[in-house]
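In what follows, chain A forms one complex with chain B and a second complex with chain C.
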Partner chain A sequence: MDSRVYILGRDSAPQYLRLEAGEELAMTLVVPPGTDVQYSLEVDLCGPGAGLDLAGLYLCPGSERVELRVLVRHSAGGCNSRQLFKGIVGGTARALFDGLIYVAPDAQKTQAYQENHTLLLSETARTESRPQLEIYADDVQCSHGATTGYLNPEELFYMRSRGIPEAEARRLQMQAFLAPVIRRLSDAAAEEIYASLP
Partner chain B sequence: MNKVLLEIKNLHASVDGKEILKGVDLTIRRGEVHAVMGPNGAGKSTLGAVLAGRPTFEVTEGSILYDGRDLLALSPEERSWAGIFLSFQYPVEIPGVSITNFMKSAVAARRKAQGLPELTPGEYLRLLKEKMALVQMKGEFARRDVNVGFSGGEKKRNEVFQMAMLEPVLSILDETDSGLDVDALRIVAEGVERLRTPETSSIVITHYQRLLDYIVPDVVHVLKDGRIVRTAGRELVDQIEREGYESIHG
Partner chain C sequence: MEEIIKDISSQEYKEGFVTEVAQEYVPKGLNEEIIRLISAKKGEPEWMLDFRLGAFRKWQQMTLPQWGHLKLPPIDFQDIIYWAAPKRAEDRPDEIDPALMETFDKLGIPLREREMLAGVKPKGEVAVDAVFDSVSVTTTFRKSLAEKGIIFCSFSEAVREHPDLVRKYLASVVPVGDNFYAALNSAVFSDGSFCYIPKGVKCPMDLSSYFRINAAGTGQFERTLIIADEGSSVSYMEGCTAPMRDENQLHAAVVEIVVEKDADVKYSTVQNWYPGDAQGRGGILNLVTKRGICKGSGSHLSWTQVETGSAVTWKYPSTILLGDHSSSEFYSVAMTNNYQQADTGTKMIHLGRGTRSRVVSKGISAGHSENSYRGLVQMGPGADGGRNYSQCDSLLIGSSCGAHTFPVIRNQNPRAVVEHEATTSKISEDQLFYCTQRGIAPEDAVALIVGGYAREVLSRLPMEFAVEAQKLLSVSLEGAVG
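Coming up: the complex of A and B.
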């Protein structure tokens, strides 16, 4: 499978992609701390059996403004798409994730999933998640989910009671939260992300 | 007599403005095992939590001296480095963090605080295996996420495993027997017994006597409504078993 990683604000990432019959793509988007970004992506699954595995993480611990908009269009039947976006938002940062899954009338046997999870580090951070489904076919499996939460104080105390310093306990929780996306990156890229966690 | 390890004086503690501990006095010497018994809601777990530094509890009055230091001035991690260990009544699940990594961070932080060199990966692995064997944990256990999907017995064994890894000076076992079947109870209790030394002390918080059949206390306290109302030898356990807590008054 074709597998690509883009660091937004550094790499020039595509804004439109077409996946033809049987074509499969794994793509990972990374927004490092200190990056203001407005990014839109449209992926069109236009041939039967095309597959998209899309993931992203955004780290906004300061005063970042991040807007991610993703449209996954199932134009042909029998395609599958998966999306997993994870964000850490702190300080006075603002993050928006807007994700639309569109399934065309004759795109039967579509499988499309989308998840967006956000970890808030401060009371002043703001996050908005807009997951949307627009489905015009009847034989499909689609779902979306979004959660927002804070670091778990019970976990923090448990770790600290074992001698793990508070800052490191927080980092361990953040790493665990991001792990499903980090796993897709090279060791060097993962290290860079870990080192940049607040 | 051995040196005093812990000296609690007139300890008052509250949660959300509600006073739970209402003047606890307790002195523990090195090498001693103290049982803290009492009915539900008496404040037993609060005492353990306050000793470990749980932030949700506010100490409003009193003092705690641990090995000559002001314990209340220390953060939870500093207390751990100083040798305090709380075995949780309800061990916390940490999805995404393996037992191996969790303990590696804990051991590394403690060694750093103590001015000891880092363990090599080989040394760490040997330590891990040795301590896992103590509570009869299999190798794959260490790769699982901390407490995630563990049975009650596995969680308590994991607590005692962590205790073995950190070799505490003062261990506080908060209802370590709750939810355990007889076999798991024996494994846990034997693990604790083997960690006993003349220099280390334990506080065993329990509602029932059964754990105290395995871990024999030197001193038994009864905590009721936030105060210790009776202190005696192990014979007090039998009295409680026969007559219940109703019969114990200050």
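Coming up: the complex of A and C.
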């Protein structure tokens, strides 16, 4: 499977992708700290059997303004798409994730999933999540989930009671939270993200 | 399978009859003169007229909201009769017109207070405020409610008899300029229900409003105001029907609910306006603003709605969770068939500490209908420990309908948690096969599966309503399976 990683603000990432019958693509988007970005991506699954595996993470510990808009369009039946976006937002940053799954009439046997999770670290940070479904075919399996939350104080207590310093424990929590996306990166890119955790 | 779906969508709307009753109208159209006329007909005090005129001037500067996932037919606001009422000799006659009595009997709404049989306690009595076109016809059980200090009457009476309460709370939850239709309603609202539960009183029976559109060419603009004072509780139900007509009729209502400290309000709706025919002609345009505020700490507001009717539904019952540790729920089943369109959902706005909310929405679309869930969950900077869980499921029946989910989650607090999930599915061949193979007719099987799917919401309804809602769901589905 074709697998690509884009660091937004550094690499030029595509804004429109078209997947023909049987084509499969894995794509990972990374928004490192200190990046203001307004990025929108449209992926058109237009042949049967096309598959998209999309993941992204955004780290906004300062005063970033991040807007990610993703439209996954199932124009043909029998395709599957999967999305996973994770964000950590602190400081006075603003982060928006707007993701729409569109299933065209007659795009039967579609499977589409989308997840968006964010952690809020400060009183002055703001997050907004808009996971959306627009479905015009009946024989489909589509679902999305979105959560926003904060670093679990009980986990923190558990680690601190075992002698792990607070800052270290917080970093471990964030690492664990981001792991499903970081796993997809090269070692060098992963190191960079780990080092930049607030 | 195809045949079953066809059968299900061909059922008739049994509330679609017209009552022949002498009615009086104001002329068509909308301007300050009409508003003065409506206000004069109702014998309103000066402040009420000023309120209406203020709203009208705001409305004139507003534009129609376009953001809904709806194809609205153009509405000519000058081509609507804004006030229609059955003729009557005096303001509130002792005797109700037998034709009206019959109408409400036919709809299963008791307007007589049933006499108690010796030794037999009536079970589940319901006090009803019946609104026919622009006026409230009668309110039952007022005496026994008044003994407890509960005020339950038509809105017009409340304006006359309890002006202090009305002035204090009117437009305190839905401001006059909140949106286009709320402003229109504030300018021309005709009647509706008013309910006040005093401190510490548990309302001994369910209260209910029943709305009926009868006259042609009119719109219905009712206004409901419910106030639950400290520590009180009430269960409120709302039902509605309209005759079958080829034209679209406008229904733009406003419901405001104020819940004070430790009070508990349960608001249930079974919406069964005429949905238009199988080709999408006619039907009610149901453009409604409903909002409650949990003002005091520990207050609770629960919304339950079953939406089966209306050509177009545009409705977002919302709760502002202002008081600390207040909570709210929203349970909804929205069913669309043929060419019906629904864009409905809720807004949960968390402002106080430790506020909790729960959203369960079940959409069912069949035929050529469009069914959208649209919602907002917001955690304000003060909502420490706020918690929300939302679940939106869509069920598609047939391949020409649409099911959509448009939630917004906005978080401004690092100690609040919001969870949202949504799924879309259809009735599988396997489920149908399982039922039919056990001798259950396909229509019944679909009704059974849909009933099971909607059960979590239906079980929240008061008993009389739950039975009706279950029936409505299976009726609305007629001809949808195939």
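Rule of thumb we're sticking to: the second predicted complex is superposed on the first by the 198 of 198 C-alpha atoms of A that agree within 3 Å, B and C clash if a C-alpha of one lies under 4 Å from a C-alpha of the other, contacts with A are read in each partner's own complex, and residues count from 1 in each chain.
Basically, contacts are C-beta pairs under 8 Å (C-beta built on N, C-alpha and C of every residue); 3 or more make two chains touch, one makes a residue touch a chain.
Small disclaimer: the values here were computed from a predicted structure and weren't measured.
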When chain B and chain C are modelled together on chain A, clash or fit: fit
Partner chain(s) touched by A:Ala176 [first = chain B, second = chain C, both, neither]: first
Which superposed partner A:Leu120 touches (first chain B, second chain C, both, neither): second
Partner chain(s) touched by A:Gly34 [first = chain B, second = chain C, both, neither]: neither
Contacts of A:Glu128 with chain B and chain C, given as first, second, both or neither: second
First (chain B), second (chain C), both or neither touched by A:Glu166: first
Which of chain B and chain C A:Pro14 touches, first, second, both or neither: neither
Partner chain in contact with A:Tyr158 - chain B first, chain C second, else both or neither: first
Residue contacts on chain A - larger count, chain B or chain C: C
Distance in angstrom between the closest Cα atoms of chain C and chain B, superposition on A: 14
Residues of chain A contacting chain B in one complex and chain C in the other: none
Complex interface listing, chain B residues touching chain A: 52-56, 75-77, 79-81, 85-86, 88, 91-97, 101-103, 105-107, 109-110, 113, 162, 166
Complex interface listing, chain C residues touching chain A: 379, 381, 394, 396-426
Touch list for chain A against partner chain B, complex: 153-155, 157-166, 168, 172-173, 175-177, 179
Interface residues, chain A side, partner chain C - complex: 105-106, 108, 118, 120-123, 125-150
